[in-house]
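Data block below; observations after.
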Amino acid sequence: MSKQFNRREFLKTSYTAGFAALATQLDVQGVSANDQNPMLTVRSRLRSRSWLMPAHFGQPEWGQPWPDQPGELHYGDVTGISISYLTDGEKLSSYLPHPYELEGPPIVTVGYSMNRDITWLAGGEYNIVAVTVRATYPGEIDKVSGSYVLVMWENLTDPILAGREFQGIPKIYGEIEDHRIFNGVWRATLSNRGRTILDIQAANLVKIEPDQLQQLNARSAQGRMLGWKYIPDETGSGPIVSYATEFPMSTRYKEAWSATGSLKWYPQTWEENPAQAHIVNAMHSLPIKRIVSSEVAKLSNTLLVGKVRRLR
Amino acid sequence: MSKQFNRREFLKTSYTAGFAALATQLDVQGVSANDQNPMLTVRSRLRSRSWLMPAHFGQPEWGQPWPDQPGELHYGDVTGISISYLTDGEKLSSYLPHPYELEGPPIVTVGYSMNRDITWLAGGEYNIVAVTVRATYPGEIDKVSGSYVLVMWENLTDPILAGREFQGIPKIYGEIEDHRIFNGVWRATLSNRGRTILDIQAANLVKIEPDQLQQLNARSAQGRMLGWKYIPDETGSGPIVSYATEFPMSTRYKEAWSATGSLKWYPQTWEENPAQAHIVNAMHSLPIKRIVSSEVAKLSNTLLVGKVRRLR
Amino acid sequence: MSKQFNRREFLKTSYTAGFAALATQLDVQGVSANDQNPMLTVRSRLRSRSWLMPAHFGQPEWGQPWPDQPGELHYGDVTGISISYLTDGEKLSSYLPHPYELEGPPIVTVGYSMNRDITWLAGGEYNIVAVTVRATYPGEIDKVSGSYVLVMWENLTDPILAGREFQGIPKIYGEIEDHRIFNGVWRATLSNRGRTILDIQAANLVKIEPDQLQQLNARSAQGRMLGWKYIPDETGSGPIVSYATEFPMSTRYKEAWSATGSLKWYPQTWEENPAQAHIVNAMHSLPIKRIVSSEVAKLSNTLLVGKVRRLR
Amino acid sequence: MSKQFNRREFLKTSYTAGFAALATQLDVQGVSANDQNPMLTVRSRLRSRSWLMPAHFGQPEWGQPWPDQPGELHYGDVTGISISYLTDGEKLSSYLPHPYELEGPPIVTVGYSMNRDITWLAGGEYNIVAVTVRATYPGEIDKVSGSYVLVMWENLTDPILAGREFQGIPKIYGEIEDHRIFNGVWRATLSNRGRTILDIQAANLVKIEPDQLQQLNARSAQGRMLGWKYIPDETGSGPIVSYATEFPMSTRYKEAWSATGSLKWYPQTWEENPAQAHIVNAMHSLPIKRIVSSEVAKLSNTLLVGKVRRLR
């Protein structure tokens, strides 16, 4: 069957035809394994599901038995510091791609986390600094609200590539040391090549009560990040992929503390951080009018990667 | 004008319409700056050209005056070790996506390089281990030959993201220490998280003559890498971008030496390198039948990023 | 008084006079602050206790209030994997400096640990791979037994310097990633510049009972490391400091598991690890005859730095 | 003979007897190899010269043939940026240990260098930021002048240990990226764990003439660093080693440029850099009254490690 499949004709037509539809068609028609990756025909990938570049090597041979549920990735041991602050609504909304809109007051949340016991990294770990804002997507079909990710720094390239190319989360590399605790003050720092980008600090921790924890868990069991998947064409004259995405996740808090938080963004010159200074400076230009909440938490996260989708 | 532009209608139709054509149309029609990124409307990006995620922050504010020619990125100080070996043709061709074909005998080239004085990194540096094979692309329109990139490790995330998302080069992260020279033996090593992936070594260097250098430069002035740009959909059920790319570059050799080369690939378990073991093991499974050439060189590279294109 | 003190005469004579005695004398005689560091007179160090090179800057201005007891350094959050194996007694004892002797059968213990909440690092963290052997010091005055440290790798330079120069613990630098747990198997790896030195692994964890934990804590409350403090003269013609040391510490186990352990040493060439290959190869040359015990534990450690002493 | 040698008696007496003298005596008396390390008797070290902790493993098995002259270590490829500034003499001299004295006006020199082709690291590389001041040592026997090293950051632990314990150079760890050059401006940065410590910058380079280069080489052929070797006792109650050292070196300039230099020290809190903040802040507290010279150079360095000596 795969020989009968006219590959060249296919390559000509498929780009404009809509991939999701095509994939379904192919399944329906019972094409061979060779055709299950309709846009990439390579002998090494027989029976392999779609994975990242280099695509011709297929996908990783995941460890067995696989401990997670299908479509889920488990982060078993997460410690986080999260600080939210009120900023300028006009400035903040200028970074939201149409048709995203701010949901509620213009509040930026900066969340540091140390993530361990990560299944897909064979139990490995990495740290994250996520910058999000509450937003709604008033699409024609989808009307959802969640945490729109302005930018997410991670100190490991593997999840950066996966997060960008699968889910449209704007991850970039940063050095993020594990947080430190001295005399009850928690500190974390984001930097790049010897330049501090962000300091985040939490003090005066007060553990929240069991019933509050329960409420927190009720709210966070069905969370979602919102993104904008964007791939430029080969010369950057414009995008070839550019649309909103939704990334559901489920968070289970084990312990949580309210805290007194503070944070500081450091501006950078282009020479200091050529690929990121414009991002750092955009964050720095958003005034920190008032810290509205700060929390420290130990939790686990389940990323529902099988339910990520394009918003329409 | 931007207000008259029906954004929502546009978002519905543009994806299947062909972006290059559209971009031209928009230019012709004199639409406002707001519309120059047709697939992303965000106030922060007025007048900004297309750049990588997070796209809503626009692009870097490149240092001025910009020393490179438009459409070119200069790598002023490159030192490289390159070793080519004959392998099994059947196995090697199984990694070439259709319709790529091997050009000539099945020879793998592994090229380590230490790259400095890089304009777009503000004079910064990074190291590369590139694995390529000579291939032809017998397309309906484009018939080109060049170095198809099987995989490219780099020790800096910024160029990894740019290379993948602009040019379709399958870059992944690796620790690559600067090469060392002791008693005339040059050594470089690729590793990840404490696991050696590749050793490469060159000895017995013999400097090539000026006329040979001239011939080498004549050949390398118009080189090209070939890639396969591949972006999966949000859940990995299939690709949304999947096509061949061509990345022209111009290399100018300053000095070059022929050498006696050797190299060794180390297999890995999934637990040791969860996102890359399948790639490393694929390379390890290709037999090194015979080293066919080895060279050491000092050179400069000009990447013609303005001429990268999809092959058809 | 300090003016009357003949500094030059002092410098001539003090070296052979015994510093501890002298320090006491000086205190008794009520000499000025200037003389409290008899071997280093520098105005910047008035009233400062002895600290490491650069000594003329005095010592760190430790955070206040200081949470630890005087003479103690607390490591609040330690996770460890420890594996002991029987080896060749003849070979092993060849590494024990006279008059150290093996205590019991020739058993090497390799202990990986991830150390967090470290007071003197402002709550920071680092990882350790310690290689020890049970030994006795049958000195004329001191007769003690403990864990003689053959070598200790750490992934942070600060404690390496302090451990060597204060306590005579032979610490050297190594890359030590945090351990990973996948499907119940714990793994840790020691490497240097992309070369694996050691793999350590624990599986089939069985939690030990509360009464066993209590016994374990009773034994480990008064532990000690034994070292050999050794400083060469300026050209390496011989040592200027060379004697046995004792470093008491108190370990409190929170949880512990017995496990099935395995480990592997990787030999190295001098070119691969110029300053350490001879150490790695020495460890590799000691046969692993039989794993005799393996444990995983969560614990806290109190280093009794105020009680470290030279053995006589 | 070695059996007749009363080891225990020896250990008791040798410490106060003067090691250099003893070593000579032992040689003269023709004692066995076992006694050539009089302060450390260990079977593994037969015939080995004195090396660093862990001393019981002997010294590295240096690559053969050894390319350097005896007593010399060659750094074949060094690129440096050096900036000197006038500061406050009173403050500066407070960091000089007695009997060192400032030589000439109070000028601090900060020298960044990228060091490659280093023999003893098998051709490896590391970067240095050295802070020195011109000083004289008016000893009873030795009267020398040179560059007293206030502090030296290096981004590799191996030379830090050797430099401290052999030569008394106060080396500590810092992250030092290779310098960058953009639009003719050279930049280097020193940091630690995401905190900038120092920025150094050179612009407007003017190449010096051949005759000037020759003069420069005449002066630098016989340079020397001055240090203060300092080892505390086991609890830090005082030093057990504390004296001035001289470290001769020979520099050969290949190319040199005068430049317009600038530099900036960043203060730090103890929490940010627990082992170094007091050093960084001391440097920051020295006013930069005026930049007096700036240079960029490509050179090679020969460290005369066989001629390092204690000053008396």
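Order as written gives the chain letters A, B, C and D; numbering starts at 1 within each chain.
Everything below uses one rule, namely that a residue touches a chain if its C-beta (ideal position, glycine included) is under 8 Å from a C-beta of that chain, and two chains touch if they have at least 3 such contacts.
Bear in mind the structure is a predicted one, so any value in this text is a computation, not a measurement.
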Practice item. Indicate whether more than half of the residue numbers at the chain B-chain C interface occur in both copies; give same if so and different if not. Key: same
Revision key, fill the gap. In terms of mean CA position, the chain most removed from chain D is A
Practice item. State, to the nearest whole Å, the distance from the C-alpha centre of chain C to the C-alpha centre of chain D. Key: 25
Point to revise | Distance from the mean Cα position of chain C to that of chain B, given in whole angstrom | key: 46
Review point. Where the centres are mean C-alpha positions, what is the separation of chain B from chain D, in Å?
Key: 41
Study note, to complete from the structure: Multi-chain contacts in chain A, i.e. residues touching at least two other chains, fall at 63, 121-124, 177, 180, 182, 187, 271
Review point. With chains as vertices joined when they touch, what's the shape: line, ring, star, complete or other?
Key: complete
**Study point:** Complex interface listing, chain B residues touching chain C
**Key:** 175, 177, 180, 182, 185, 187, 189-191, 193-196, 271
Study note, to complete from the structure: Listed in rising order, chain B residues that touch chain A in their complex are 7-8, 11-12, 15-20, 22-23, 36-44, 49-63, 71, 93-99, 120-124, 140, 149-151, 157-158, 160-162, 164-173, 228-243, 245, 270-272, 274-279, 282, 305-310, 312
Revision key, fill the gap. Per the touch rule, the chain A residues reaching chain C in their complex are 63, 65, 67, 116-117, 119, 121-125, 177-178, 180-183, 187
